[in-house]
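Structure first, then comments.
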Amino acid sequence: MCADVDYRIWELKKKVYEANMLLPKYSLVTLTWGNVSGIDRESGLMVIKPSGVPYDKLTPANMCVVDIADGSVKDEGFRPSSDTLTHVELYRAYSDIGGVVHTHSAYATAWAQACRGIPCYGTTHADHFYGEIPCVRPLTQEELDEGYEMNTGRVIISEFERLGIDPAAVPGCLCSCHGPFCWGKDPEDAVNCAVITEECAKMAFMTEVINNKAEVIPQRIMDKHYYRKHGEGAYYGQN
Amino acid sequence: MCADVDYRIWELKKKVYEANMLLPKYSLVTLTWGNVSGIDRESGLMVIKPSGVPYDKLTPANMCVVDIADGSVKDEGFRPSSDTLTHVELYRAYSDIGGVVHTHSAYATAWAQACRGIPCYGTTHADHFYGEIPCVRPLTQEELDEGYEMNTGRVIISEFERLGIDPAAVPGCLCSCHGPFCWGKDPEDAVNCAVITEECAKMAFMTEVINNKAEVIPQRIMDKHYYRKHGEGAYYGQN
Amino acid sequence: MCADVDYRIWELKKKVYEANMLLPKYSLVTLTWGNVSGIDRESGLMVIKPSGVPYDKLTPANMCVVDIADGSVKDEGFRPSSDTLTHVELYRAYSDIGGVVHTHSAYATAWAQACRGIPCYGTTHADHFYGEIPCVRPLTQEELDEGYEMNTGRVIISEFERLGIDPAAVPGCLCSCHGPFCWGKDPEDAVNCAVITEECAKMAFMTEVINNKAEVIPQRIMDKHYYRKHGEGAYYGQN
Amino acid sequence: MCADVDYRIWELKKKVYEANMLLPKYSLVTLTWGNVSGIDRESGLMVIKPSGVPYDKLTPANMCVVDIADGSVKDEGFRPSSDTLTHVELYRAYSDIGGVVHTHSAYATAWAQACRGIPCYGTTHADHFYGEIPCVRPLTQEELDEGYEMNTGRVIISEFERLGIDPAAVPGCLCSCHGPFCWGKDPEDAVNCAVITEECAKMAFMTEVINNKAEVIPQRIMDKHYYRKHGEGAYYGQN
């Protein structure tokens, strides 16, 4: 690599390291579970957590570099997360995203295990996700044999197409019997989506216990909240 | 402003800042959600958290000043919370209150998403709220179009009137599909109400799971507990 | 008081202070809720938390002294907990106990609000309580009028008698629509009972959700666990 | 003992101490509940936590040494955990294990109290346990009389045989009305199994609330995840 790429990748390793360290901070991971990646679009290189390394042993230097063109590992040293090829597929299909995160956070994983998407019951959800966070179908035997992690990514992508969901408006999903994948404009933003997914999963769980006939938020209020934070008419925050 | 008002507003900014910092301390907020305000009744100026600023970036100096006469922002710098006009309406209608808080705390928000008020199941609730914490109706399309945040406040006020609830005896409510608003004599007292609302929401959730035919507290015990802490015959605490 | 009593009461104030400070440590209290007392049997003086004082403002010196003979306050300064006369009644009736604690811990309070005792579903419970932790009846209007806190204690005592429960084998109960009272050989031991009550309340809640036909622990296993820790044949611990 | 054994046992005491201290770190214990052991296979000596000692009083030096040939205590000083003979039976039957842990962690204990095994609802579970974590039957009166703790171990062993479960592929179980026992290649690995058991118990609880007709993970996905981490084809982690 030329010096310029080297520099950018080193900066990205620091960002991806910081974003991974947010997972234990937000109580989204147990033991070594979970991983965050980021991408340098110019070189097509992705940086991701190494596989099975405890969070208190992570450093920016042991983040792994992978070429999204072919999924090949670009540096010696640590083996990348076993979920690497799922991240690769998402970056290849969704050219606007800059970060991806996978966790086994408890409530979101429970919805995935229940094979149900997370209904949009309130403004907390509508502020960030424009509608249900879908639960995508389990892989077939053939998909498992052919490449489990790659096909996990491909199933997410084809399910969003089939359901007509815009991955920019719903930046995350649940994989059946597995857990959440979320994405965002950079690694930190992707982690924020994972935090919000877990919180919405928790509140939706409680909502259904409190009212087993709970209804999703009225469309007009979902629109109001989503567009208060997104798009040209947004007026939330300082920009 | 004259020096006297300047001084009082600076003191209020410190109090409002401290009250906002209680929200993460009591685990009532995730990310940047939630906001606390306080008012200087003499000048009619309200101080409130800036919009979308992370709690660890807050300082007394970046609190925002708003005139409740017309909702106008009185200083340059940060944009006030997007919920500002809800706070303004509450201060205008309830002349005895000195602080307002809004959170998306998990259990209270779940009751709001379930479109149910929090029943008064026990003395923890009756010590602070004289009866159910009501869940007020969602806004109509017209109300949304006309001014979402202003009308959120107006719906709270008109619902309390319609239901015959005294906002001094029940200093908080849930907004359907959204979350709790609470108030008190000052910003810290309002936060205490938010803490209690969340704790009562949690216990009421559990109560119904343990006994799906649970009944609200007998009126005589509610009276005893409420008046042990409030009014002329109160004998709780040191005053 | 003579110097000897003064000394013993000062030592007791330190113990009662330490036991009160365990309540926030074990997450059994919110805000100022909850109180622990201890007794000096020789003088008949009880030491208890002052009413409504935040835990971070407590010191051994502001603990309050009350004579259990008549419930009178024995020192100037802080007003004792509003639940003082409930503690007094328990010390008067149960001459072997040395500490009493009252909390609004979430799960135990939810069982109280559901007006149900905590069934003995497992060995965690049987290690410490020989059978169900009962939920005693609410007070009548007459009992409320006559002395709420005193009669709260008296109802506990008469309910244990009516149900044939030994307060040494079941050192705690729930008051309907209110919360738990626990006791022990000293203030710290009483707090341990409150910790165990909350943990058993939590596990019993979960147990019924997992199996809505869950049965209480077989008598033979309850006996084995209880007597492994209590009585002459006990072999748990270091004594 | 010869110097060589002395040295190895001292090293083991340090490891067992460290593993016990992980229990409060991972919030798996309340008060003094729970215990971890490890074994030196060459000498047949097991090291285990002393009975009823608070975690903040534990040191490597007060760990207890027990001969698994006959369950006899090999050093003066502290009395070993009351569950010692359960650990002994597991080491005697399962010659490949190097650590055993018992806790009363809340969710796993609730499944035990509900007398239900933890179904394998997702990949979090399948990554570590090849199928349901079984709940073994309660002891009979005769087994209780004959030796409660020894027979607790023997029932686990005979139930795994009866059910045809390989204790290497399912390194843990629930004892009816009691709580989990887990094992692993060393004390730390056994604690990891206890952490995972608790997390799977929590998620399975939620899964059933979200979908009361939830189905266990498809066999093909369980196989994929389990063998991604175990056996010759494993490719998770750094080895």
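The chains carry the letters A, B, C and D, assigned in the order they are written, with residues numbered from 1 in each.
Here is the rule we use: a contact is a pair of C-beta atoms (placed from the backbone, for glycine too) under 8 Å apart; a residue touches a chain by one contact, two chains touch by 3 or more.
Quick caveat, the model's predicted, so the values are computed rather than measured.
Centroid distances from chain C, each centroid being the mean of CA atoms, peak for A. Taking shared numbers over all numbers used, the chain A to chain B interface scores under half, which places it in the different class. As a whole-number value, the distance joining the C-alpha centres of chain A and chain C reads 47 Å.
Centre-to-centre separation of chain B and chain C, using mean CA positions: 33 Å. In chain D, the positions touching at least two other chains are 208-209. Taken pairwise by the contact criterion, the protein chains form one closed cycle in which every chain touches exactly two others.
Listed in rising order, the residues of chain A touching chain D in the complex are 30-31, 33, 50-53, 78-79, 82, 104, 106-107, 109-116, 138-139, 141, 144, 148, 177-179, 205, 208-209. Residues of chain C that touch chain D in their complex: 121-124, 192, 195-196, 199, 202-204, 206-211, 214-215, 217-218, 220-221, 224, 228, 235-238.
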